[in-house]
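Both of the next two complexes hold chain A, though its partner changes from chain B to chain C.
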Partner chain A sequence: MRWTLRIISYGVFVVMLFVLVSIVVSGVPYFFRPGFFTAWPQRAMSEGGIFPMLIGSLMLMSLVFAISVPVGLIGTIFLSELAPRRISMFLKSLAGTMNSVPSIVYGVFGLAFFSVKLGFGTSLLSASLALSTMSIPFFMNSAVEFLRAVPKELREGVISLGANKLQATLMVLRASKNGILTSLMLTLGRAFSETAPILVTGAVFYSTKLPGKLTDPVMTLPTSIYAIVMNLGERSQWMAKAMASLMVLIMIAVYSLVQITRRNKRE
Partner chain B sequence: MSDVVFEIKDLYAFYDEHAALQSINLKIWEKRITAIMGPSGCGKSTLLRCLNRLNDLIPGFSLKGQILFRGQDIYQIKDLTEYRRRVTMVFQKPNPFPMSIFDNVAYGLRIHGITKKSILKDKVEQALRMAALWDEVKDKLKKPAVQLSGGQQQRLCIARALAVEPEVLLLDEPTSALDPIATTKIERLLEELAQQYTVVIVTHSMGQALRISDEVVFLYEGRLIEYGETSTIAKTPKHEVTKQFLTGKIG
Partner chain C sequence: MMRKTVSFIFVSLTSLAAVIVAAALFAIVFFIFTESIRAIKEVGFGLFSPNWYPVWETDPEFGVGTMLLNSLILTVWTSVWVWTIGLSVAIYLHKYALNKEREVLLRILEYVSGIPSVVLGLFGVLILGNWFLRLGAWSAQNFLNASIVLSVLTLPFMTSLTFQSLEKVPRQLVEGAIALGAKDLAVMWIELRYAAPGIVNAMLSVFNRIFGETMIVLMVAGGANLLVRSLLDPVRPLTATLGSEIGEVAVGSLHYSALFFIAFLVLSGSLILNLLTNRITRKLERWIKG
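Then we have the complex of A and B:
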C-alpha cells in the first residue's frame, strides 16, 4: 500500500517534470539563432525572431500593471479595511466567482464592451482592459487574505496612539507588503500567460509595426504560439516551441521570485 | 488624597444586545496604579478599552453613562488624536510595528507632528530609558523591532506609549504572554512609572495585583463588586467572590 502510494505520487511528479523539461528543452536551442530576440519574424514565421511578440507582451503587461495595481489595491483595502462586514463578504464571493469564469468569457466580454461598445477596436487598450478585468478580482482575492492576516492588535496599536484610519491602513499595508508583492507577481504571471482574453480583443497574428499608440493592435507571445500551431506548417513550428519554452522559463522565474519573497517574510 | 483622573458614572457597555458592563461607578486617582481584576469575560478589558475609546472600532458596540477624564466627557470628544496622546495603551500581545526599533518609538511622535530629527532622537532615547530598554537596544536602533524578545517587545510597546508624553498609561494584561523574568521586569517598571503617570492595568493574576497596585477594582459578570485600596481589600474583603479570588479558589 505504502509503495503503491509512493509510486503514484512520484509518477505524478515525474509527469509534471517531464512536461516542463521537455517544453523548455525543445525550445531553448532556438534562442541562439541569430536575431532570435531582436529580429522580426519572416516568411510566415519560419525565419527571423520574436522581437515584436516579446515587446508586445511587455507593453501589454505594463498596461495591465498600470491598470490593475491601483484599482486592485484600492479594492483590496476597501474589502479588508473599510467595507462593512456584509458588503465585504458579498464582494469577496463576487471576486471568487469572477475568478472561476473561463478566460474566453473575458475575451468575449472585452470584445463586446471595450472593442465594440466603447469603440476601442482591436487594440492594445482593449486587450489590456480585458486582461485587467480578469486580473483585478484575481489580485484582490489573493491580496485580501494577506491584509486580513494582519493581527488586529496592530491596527489597534496604531489607533490607540491617536492615528487616524488612513495611518492605520498604511501600517497594515506595510505589514503585509510581502504578501501583496506575492499576489502582484502571481497576478501578472497569470495575465502574462493568458491567451483567450486578448485573442479576440487586441492581439493580431501579424503586424508590420510595433503598436505606436494605445489603439494599435499588438502581437504577443501566447497568441502567436496559438496562431502558429493552428495555422502554419511544419517549417514554422520551431518558433512556437521557442516561445513556449521562453514563457515557461519566465513563469518559473516568477514563481521562484514568489518563493524567495515568502521566505524573506518568514525570517 | 490625589486628584481624580477618571470618573466613571453609571456606565453600561453593550456588544449588540449583550451587556458587557453594567452600572459601573468608579474613580481612578492620579499617579496611582489601579488594577482591574476579575475572571475571563467579566468585562475588564472592555472597561479598559473604553478609557481609550478603542471600542469605537468594534461594530455593534454601544455605551450608556459617562466617563469623565479630568471632568470632560470623553465620549463627547470629536477629535480623538489629542485625547489618545494623553491616554495611551499597551496590549496583551506585544504588537511592535513592522519597522525599526527607533521608528516604533518615534511613530506616535511623528503622527503628533514632531518631525525634527534632533527632537525625535532625544525623545526616543528618553522613552526607551523610561521603559528600561535603552541599554539593551541602544546599539541596534535601526534593527527591525520584531527581532527583539517577547519581553523586550513589550517594553518597546511601553516606550512607544510613553514617548508621546501621556498622562495615563493603560495596560491590558501586559505580562500574560511573557515569562516570569520578563514579567518581573515589567512590574518593577510599572512601579517606577507610577511616580509620574497614572497607570491602569488589567490583570487576571491576583499576585500581580497585590504586588504592584495601589487600588484594585473587582469585576464579576460585568458588574463592579468591590473596589478600594489594595491593602485594605487584601486584608478585609467584603464580597464573597473577592474572598474566593484572594484565596485562589477562582482567578
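Then we have the complex of A and C:
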C-alpha cells in the first residue's frame, strides 16, 4: 500500500516538475534578445519584442485593481461586519456560486452587457469590467475569512470605548491587514492569468498603438500567446514561449509573496 | 447627530456594494438567457441535434448534441483519473510522507496551480503535441492530449483540497481506532469517511472546472465536431465552440443566439452542479455528526 502510493506520488511529482521546468526553461533564453521588453513585435510576431502586450496587461490589471478593490472590500465589510446573519450567509453562498461559474461565461456576459448593451465595444473598459465581475466575488470569498478571524473581543472592546461602526470596522481592517493583502494578490494573480473573458471582450491580436483611451482595444500577454500558438507558424513560436515563461515566473513570484505574507502574520 | 449621519452613510454604502455583487449573478443568468431566446424559439429541439453547421447559407444547422456528449465524455474520463490520482497522492501526503517530501510536493503543486490555462494549452500544443505525432498519432491535438493537460490543471486543486480535509480529522479518532486494534486499511477508511464532505466537495469542483474550462480544450482538443470513438480522435467540446466562434459572429444573428444557448447550457450545468455539491456536502456532514 505504502509503496504503491509512494510511486504514484513520485510520478505526479515528476510530471508536475517537468511541466513547470519545461515551460520556464523554453522561454527564458529569449528574455535576453535585444529589445525583448521594449520593442514592438514585427514581421508577424517573428521578430521584435513584447512591449505592447506587457503594457496592455499592466493597464488591464490596474483597471481591475481600481474597480474590484473598492467594491470588493466594501462588500466584504458588509458581509462580515454589518449584515444580519441570514443575509450574510446568503451573500456568501452567492459569492461561492459565482466563483464556480466558468470564466468563459463571464466573457460572454461581458460581451452581451458591457460591449453590446452599454456600447463599450471591444475595449479595455469592457475587458476590465468583465474581469472585475469575476474577481470581486473571488476577492470577497477569500477576504471574508480573514475578517472573520479577527477575535470578537477586539470589536466589542472598541465599541464599548464609544467607537461607532465605521471606527470599529477600520480597527478590524487594520487587524486583518495581511490577510486582505494575501487575498488581493491572489485575486490579481487570477485576473492576470485568465484568458477567456478578455479574448471575447477586449483583446485584439494586433494593434499598431497602445490604448490611449478606455474604449480602445488592447493587446495582452495571454491572448497573444493564444493567437500565436493557434494562428502563426514555427517562426513566431519563440515569442509565445517567452511570454508563457514570463507569465509563469510572475505567478510563481505572486505565490511566493503570498507565502511570505502568511509567514509574517504567524510571527 | 453628525456621528449618526456618518454611520448611516457608511452602512448604506456597504450594503449597496453587496447588492451590486448579488445582482451580478442574476444579471448574468438573465442576459445569457434572454440572448438565447431567439435560438430556442426558431430552432427548438433542433438545438440538440448532432449537426453544427452555423454558417451554411442555405440551411444552417445549430445542433449541440455531439458537442455536449463530447464535453461530458471528456469531463467524466478526465475526472475519474484526477479523482483517483489526487486521492492517492493526498493519502500518501497525509499518512506516509516525510515532512520534507510533503513540503516539496505541496510547494510544486501550488506553483503548478498558478500556471495560467493558456500556458498549459501552449504546453499541450507545442510539447505534448509533438510527442503524439512522433508516436504515430494522426493528429497532434486530440482527446487524450486534452485530457492530460486538463489533469495537470486540476490535479493540484484536487490534491490540496483532499489533503486539507484529511488533515482536519481529529487525532483522537485515529488513536482510538488503533487502540481498538484496527488495521492500517480500517484506520484509513475511518479517516476517509470523516473527511468525506471535503473530499466530495473537491471531486465535484474538479468536475465543474473541467466541464467549464475553455482555453485548454480550445487549443488542445482538436476541434472536430465528431463523436469521440478512440482516445486519439480530435474532439470539440461545448466551450471550445463558444470560445472560438463568439468573437467573430455578427451580433444579433441566429448564430449569435445559438452560441448564447451554449453559454446558457454551460452556466446552468455549473449552477446545478454547485447546488448539488452544497446539498451533498451538507447531508454528509449531518451523517458524520450522527
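We take it that the second predicted complex is superposed on the first by the 267 of 267 C-alpha atoms of A that agree within 3 Å, B and C clash if a C-alpha of one lies under 4 Å from a C-alpha of the other, contacts with A are read in each partner's own complex, and residues count from 1 in each chain.
Heads up, the rule we're going with is that contacts are C-beta pairs under 8 Å (C-beta built on N, C-alpha and C of every residue); 3 or more make two chains touch, one makes a residue touch a chain.
Not measured: the values here are computed from a predicted model.
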> Regarding the shared-chain residue A:L17, is it in contact with chain B (first), chain C (second), both, or neither?
Replying inline: second
> Is A:N164 touching the first partner chain B, the second partner chain C, both, or neither of them?
Replying inline: both
> Which chain, chain B or chain C, is in touch with more residues of chain A?
Replying inline: C
> After superposition on the shared chain, which partner residues are touched by A:L82: those of chain B (first), chain C (second), both, or neither?
Replying inline: second
>> After the superposition on A, what does A:N264 contact: first (chain B), second (chain C), both or neither?
In response: neither
> Which partner does A:N231 reach: the first (chain B), the second (chain C), both, or neither?
Replying inline: neither
> Which holds for A:Q42: it touches chain B only (first), chain C only (second), both, or neither?
Replying inline: neither
> For A:F109, is the partner it touches chain B (first), chain C (second), both, or none of the two (neither)?
Replying inline: second
>> After overlaying the two complexes on chain A, where does the chain B footprint on chain A coincide with the chain C footprint?
In response: 164
>> Which residues of chain C touch chain A once you look at their complex with the stated criterion?
In response: 3, 6-7, 10-11, 13-15, 17-18, 20-22, 24-25, 27-28, 31-32, 35, 85, 88-89, 91-93, 95-97, 101, 104-105, 108-112, 114-123, 125-127, 152, 155-156, 159, 184-185, 205, 208-209, 211-215, 218-219, 239, 242-243, 246-247, 251, 259-260, 263, 266-267, 270-271, 273-274, 278
>> Could you list, by residue number, the parts of chain A that touch chain C in their complex?
In response: 1-2, 4-6, 8-9, 12-13, 15-17, 19-20, 22-23, 26, 70-71, 74-75, 77-79, 82-83, 91, 93-98, 100-109, 111-113, 116-117, 133, 136-137, 140, 164-166, 169, 189, 192-196, 199-200, 222-223, 225-226, 229-230, 237, 240-241, 244, 247-248, 251-252, 254-255
>> Applying the document's contact rule, which stretches of chain B touch chain A when the two form their complex?
In response: 52, 54, 57, 59, 80-85, 88-89, 91-93, 95, 97-99, 107-108, 111-112, 157, 160-161, 164
>> Taking the touch rule as given, give the residues of chain A at its contact with chain B in the complex, in rising order.
In response: 84-85, 151, 153-164, 167, 171, 174-175
